[in-house]
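Dropping a structure here in structure tokens format, bear with me for questions.
Chain IDs A, B, C, D, E and F follow the sequence of writing; residue 1 opens each chain.
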Amino acid sequence: MPNIAIFPGSFDPITKGHESIVHRALPLFDKIIVAVGYNADKKGLFSVEERVNFIKKTFSDMPDIVVDTYDGLTVDFCKKHNAKFLLRGLRSVADFENERNLASINKELSSDLETVFMCTDIAYSHISSTVVRDVLRHNGDVTKFLPKALKGCI
Amino acid sequence: MPNIAIFPGSFDPITKGHESIVHRALPLFDKIIVAVGYNADKKGLFSVEERVNFIKKTFSDMPDIVVDTYDGLTVDFCKKHNAKFLLRGLRSVADFENERNLASINKELSSDLETVFMCTDIAYSHISSTVVRDVLRHNGDVTKFLPKALKGCI
Amino acid sequence: MPNIAIFPGSFDPITKGHESIVHRALPLFDKIIVAVGYNADKKGLFSVEERVNFIKKTFSDMPDIVVDTYDGLTVDFCKKHNAKFLLRGLRSVADFENERNLASINKELSSDLETVFMCTDIAYSHISSTVVRDVLRHNGDVTKFLPKALKGCI
Amino acid sequence: MPNIAIFPGSFDPITKGHESIVHRALPLFDKIIVAVGYNADKKGLFSVEERVNFIKKTFSDMPDIVVDTYDGLTVDFCKKHNAKFLLRGLRSVADFENERNLASINKELSSDLETVFMCTDIAYSHISSTVVRDVLRHNGDVTKFLPKALKGCI
Amino acid sequence: MPNIAIFPGSFDPITKGHESIVHRALPLFDKIIVAVGYNADKKGLFSVEERVNFIKKTFSDMPDIVVDTYDGLTVDFCKKHNAKFLLRGLRSVADFENERNLASINKELSSDLETVFMCTDIAYSHISSTVVRDVLRHNGDVTKFLPKALKGCI
Amino acid sequence: MPNIAIFPGSFDPITKGHESIVHRALPLFDKIIVAVGYNADKKGLFSVEERVNFIKKTFSDMPDIVVDTYDGLTVDFCKKHNAKFLLRGLRSVADFENERNLASINKELSSDLETVFMCTDIAYSHISSTVVRDVLRHNGDVTKFLPKALKGCI
């Protein structure tokens, strides 16, 4: 059975930090599904379609990285795809506490689902989608914070 | 004078973690008032009445644990009930920093009011009302996270 | 060239903690601009005009402390005023992580802009504008949390 | 059965912070035993006898606060004294994480032993025995950090 | 090329927490080498031989988990074994900050070495080798904190 | 009166992180004294003389940065040099909590002494003297972690 990992997030938009985590984790898995979780009630800065396109562009030359969307429980999405692993990046102490609790909750909801963490590259540890959106809203230049493949797109 | 503690919160809904804190703290006090603080402008997932009913069911056989509601300052509610202690549970580092500040603020507003903390049982430390609401919204099973007395209610 | 620092924030309203940071940092700079950042879409408890007036009152006898407003990127406001330093107060661990990331982001956006931090006086470390607004909403007394010059104003 | 709490620590030496925790917690208990835990292999700055004397002086007029020493497991000392509660002060995030783990360990070793926490008064939250010893080693003045009753003793 | 992970530590002694991390991570790798790092100048409670034996007993029926020792740089040990991954468990915020820095340092020393993290099972998150040693020194019962296979050994 | 800052530390040895803090803070002060605090009872990896030489080399072309040593209280050293500011770098949450307490203690010991913080450049935030010493003890290459001026010296 192939070893599949889900990399869930809102990716509004994907950043250099996300890109780096996926690249570095790929040798551990046969396939990584970057899964854009959305909430019909919560509008993001970019539409779900835009977010998916940004991710596709970022990993266009990597067939083992695919993109999908979901709006239910993460554990249900994992079951549907026979994924036994969640992949998550850790940037900060605040991240860590949230992620530790989420990993426990997900394990209680689906006992054979493990969460694997990698720390964001130190050079990208200050970058978050929130910051990117904030700079964009004020018409600042976000090129430095985004995957190279998105140059000129956002 | 009886030793009364207020256990304030939004309890939207009460969790196994809350239940455990109240049970473990009871020997310290003559009475614990579980106080549902609400904000007329902020709608929760459950109505204040539902939240109160869940708490009543949880502690139905414990006469020293009563339930009430309030929407003003916590310190004013404590004065009204001659309570000299606030009871709070601590789960995480993020909790701790907020709670430490709140305890200081409450002491400045009411100099003889002390806040007593207990750490959430480690087995429940990942459970929060926020998580329960999130799982509920996606039709997940929250039985594991709620007091036993609520089985079948939520 | 004079050494100018920008002290940015929403100051909704200014607290004793903010006041203390500015006083203590003043010997480092020729001028400190207290800069009320606002967001046209996000209404605060006080209007931008009220916030500016509170700050003016607080520092009325200090000519090297001036007040201004802005609604774009902080780095753009700094450039406009030839300010090479951002001044920020640190109260908590949660503050620290956010501020460290912001300082890095601002340095990437404007490579010669440094952020200088001072820790809030320990006696004021529990005070935040959020807490002040919360107590105000419930008609509590916030005198202890505000600059003396504002006595009777809020 | 009287409600007894153990307040364990190395108290090398007792500080204003410790004193304040004991005073504020006393209404919760019939008796608080301040318990100087020592380790025969680890020499402190003050001898166990000196530490005990400092604590006795600090609480000389409070008959419900007694002092004792122990060098085994804290849970065994609690059993010996029929104490159902451990009392601990929390100053910092680092404290919190250690204390949460210790409370869990102690509960696993003795299932009916609960740990009750109070946050150190914000005005004393920077004071620790470690800092006091460090200032003493360099002949600095530690009066501000110690209980008033110890004025002139250290 | 087989996917090998090094799980480095002092394991003085191995705990239930360590055991659980290795079991849960095994599906990600072809082989996990549990690597007892020692320091000739720093004596532990157990000798390196004892620590290795405890680990062997713990994983005696799992051929893909092997034990080894080293006393140099972790990155050199990884190179010697053609391991591209370090495996580490995360229990607390304090752990997280240290581990994040170590992962960055190790990547600077060996650019193709990635560190993969898993959070300790919440039920074991309070257990550390330090606590086990401390309880042992006071003749307490540590059975609850150790792998089942070690029952009666320590 | 010139604006003097003391940058205290053990500097065993100075790292790229320290170097960067001093460079970035220099525009705030007329002079920065890098002050090697030592403890006659605690031997470092490098002698105090070696540490001073490494610092001198690092800042050899910068006349406003001088080096000195001390072994008493930091506040006494500041008074001796008429320094009104302590300069400190912040890397991590653990750093922050310690530094906040130290800044409060120093202010209680010397009421007109302020501590100014800068965050370590994110690219160097994982580097500490402890890590450098650890790599050196195992004969690893520390060039990446040290000021360029020290190339070939350590």
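In this text, contacts are C-beta pairs under 8 Å (C-beta built on N, C-alpha and C of every residue); 3 or more make two chains touch, one makes a residue touch a chain.
Because the structure is predicted, anything quoted here is derived from the model rather than measured.
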Chain labels contacting chain A and also chain D: B, C, E, F
Labels of chains that are neighbours to chain B and to chain D: C, E
Same-site or different-site touching of chain B by its copy chain C, using the half cut: different
Equivalent of B-D within the choices A-E, A-F or D-E, defined by over half of its residue contact pairs recurring: A-E
Of A-E and C-D, whichever chain pair has more C-beta contact pairs: A-E
Whole-Å gap between the CA centroids of chain A and chain C: 34
Centroid spacing, where centroids are CA-atom means, of chain B and chain F in whole angstrom: 46
Distance between chain centroids, defined by C-alpha means - chain C, chain F (Å): 29
Chain B: positions in contact with at least two other chains: 93-94, 97, 100, 104, 122, 125-126
Touch relationships between chains, expressed as pairs: A-B, A-C, A-E, A-F, B-C, B-D, B-E, C-D, C-F, D-E, D-F, E-F
Of all residues in chain B, those that touch chain E in their complex: 93, 122-123, 125-126
Chain A partner contacts - residues on chain E that touch it in the complex: 3, 24-25, 27-28, 84-85, 90, 93, 96-97, 99-100, 103-104, 114-119, 122
Residues of chain E that touch chain D when the two form their complex: 92-94, 125-128, 131, 135, 138-141, 144-145
Chain E partner contacts - residues on chain D that touch it in the complex: 72-73, 75-76, 93-94, 97, 100-102, 104-105, 108-109
